[in-house]
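What follows is a set of structures to go through.
Consider the two complexes below, in which subunit A is the common component and subunit B and subunit C are the respective partners.
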Partner chain A sequence: MALGLEVPPAVAEGAWIEWRPVRPPYGPHQQSAAGRRAAAAALAAAGSADRIVSRDPGGRPRFPRGFAGSISHTDRLAVAAVVPGAEAVGIDIENATISPRVTEFVLRERERRVLLPPVTRYTPRELFSAKEAAFKAMNGVGTLGEFLFWQIELSQSDGTLIASYGGERIPVWVRSEAGLSLALAIRR
Partner chain B sequence: MPDTAAEARQRIRTLLVELLGNDRFVSRVSDTESLRRAGLSSHALVGLLVAMEDAFGFEWRDDVEPEALRSIDSLAGYVAALRN
Partner chain C sequence: MDRDIFKVVDELFCRRLQVPELDPDAPLVDYGLDSVRAIELVVEMESLFDIHISDEQAASMLTLRDAVAQITASLAVPVGPESGDA
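Now for the complex of A and B:
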């Protein structure tokens, strides 16, 4: 069985996505190391000579110039996306069960009304993950100031999930399989 | 609602242990360290914020500053300020 979820070519155009397992004992150090291995593999696939991802003072991963990237992990799996030439990228994977209270906290009333079943097929976990991925892509640019991922607003336009904050809009792609949700936001 | 930030810090640590199911994270994170940088997931952070609403009897403002949610110390300071 392949590791992780596949992203359709139309969504991942120009993107290099790599998955790596978290090694035992699956703690924060192992999770972070798996993320760095996934990022190094994605950078290599994208043609970057520099495959080291450092951290900026705020703790965000700092990818080599010209190779926008993002990392996410659960306790067992890490993923990294690199999009050469993009302005910013956000990727997120989630395997947690999103409780009704957490759903209510993260999604505004309007978002719950128009984006959850039966109106759409998005799950609370997919929308949680979509906000996280969009936050990484928007926060990576650094022009929007300090904000929290749930302050991003989600809407749907022509079947595409759109994340908005501070006048910025970015499309987000989400998919779930076998208890894992993946969200990808690319700011080109 | 706790009277002091010290009481709030202790209660937040207890909430984290209950949320995570063990004390491994709480035993190694300092009061002033960034919870996210220390490895707390975004899902767990939101779970903590929801648990704090129930434990302390308040609701987070929609426009809460990210800095207020950074650490056990800043969370406890926010709660103590509400009390005062």
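Now for the complex of A and C:
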């Protein structure tokens, strides 16, 4: 059985995605270490000689030049995505239950009305994860100034989830399986 | 720092983060705070203290002390300018 979720080749074109388990006792240190191991593996698969992911002063992972990347983890699982040549990438995994109050906080009234069932198949957790992934991809570019992930607006166009902020738009792919949601946003 | 507010927020954060104690000046992410729990804490604090926490305030709550400071500020009764007519 695969460790994480599969990403369709059409979505993951040019992307290297690696999963690593979090080791006991599953605390913040172990989660971060699993993320770094996943990132190193993704960088190796993508052909990067440099496999060290440092952190910028804001705590964001800093991938080697030319290898846009992103890391996410739950308390038991970490994933990293590297897309050589891309401008930025954002990946997010989520296994938490998103309460109605958190849904209301993160999704605007219009988003709740047009993106949640029965209008679409998306769950609150998938949309939460989509905003997180889009934020990482948009924030990584650094031209949009300071903003918060829930300020990103989601919409749907031709069956594709689109994240927008500050005039920038980026497609986001999401799926869920066995209590885990995965979102991927690539800014090519 | 308001001791009563500190006590309530400290207990709330310790319970949600499942830790016995918190260093008021340590980054909350060091205790495993993720985005879901961060927002849960924001909405819970809004309910507990009957306040509105703005996006900017929420974003600035990086430590327990930050959170207490923002709540204290939100609870402060705004004082308008003296009318001078009384």
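To be clear about the criterion, the second predicted complex is superposed on the first by the 188 of 188 C-alpha atoms of A that agree within 3 Å, B and C clash if a C-alpha of one lies under 4 Å from a C-alpha of the other, contacts with A are read in each partner's own complex, and residues count from 1 in each chain.
Rule of thumb we're sticking to: a contact is a pair of C-beta atoms (placed from the backbone, for glycine too) under 8 Å apart; a residue touches a chain by one contact, two chains touch by 3 or more.
In this text the structure is predicted, and so the values were computed from the model without any measurement.
Using the contact criterion defined above for the overlaid structures, shared-chain residue A:V119 touches neither subunit B nor subunit C, since it reaches no partner. Contacts of A:E132 after superposition: both subunit B and subunit C are touched. Judged by the touch definition given at the top, the superposed model places A:L148 against both subunit B and subunit C. Of the two partner chains placed by the overlay, subunit B and subunit C both lie in contact with A:I98. The contact surfaces that subunit B and subunit C form on subunit A in the two complexes overlap at residues 27-28, 31, 59, 94, 96, 98-99, 101-102, 105-106, 128, 132, 146, 148-151.
Those residues of subunit C whose C-beta lies close enough to touch subunit A in the complex are 29-32, 34-37, 39-40, 42-43, 55, 58-59.
The residues of subunit A lying in touch with subunit B in their complex are 27-28, 31-32, 59, 94, 96, 98-99, 101-102, 105-106, 128, 132, 146-151.
Across the interface of their complex, subunit C is touched by residues 27-28, 31, 59, 75, 94, 96, 98-99, 101-102, 105-106, 128, 132, 146, 148-151 of subunit A. Residue ranges on subunit B touching subunit A, taken from their complex, read 24, 34, 36-39, 41-43, 46-47, 49-50, 60, 62-67, 69.
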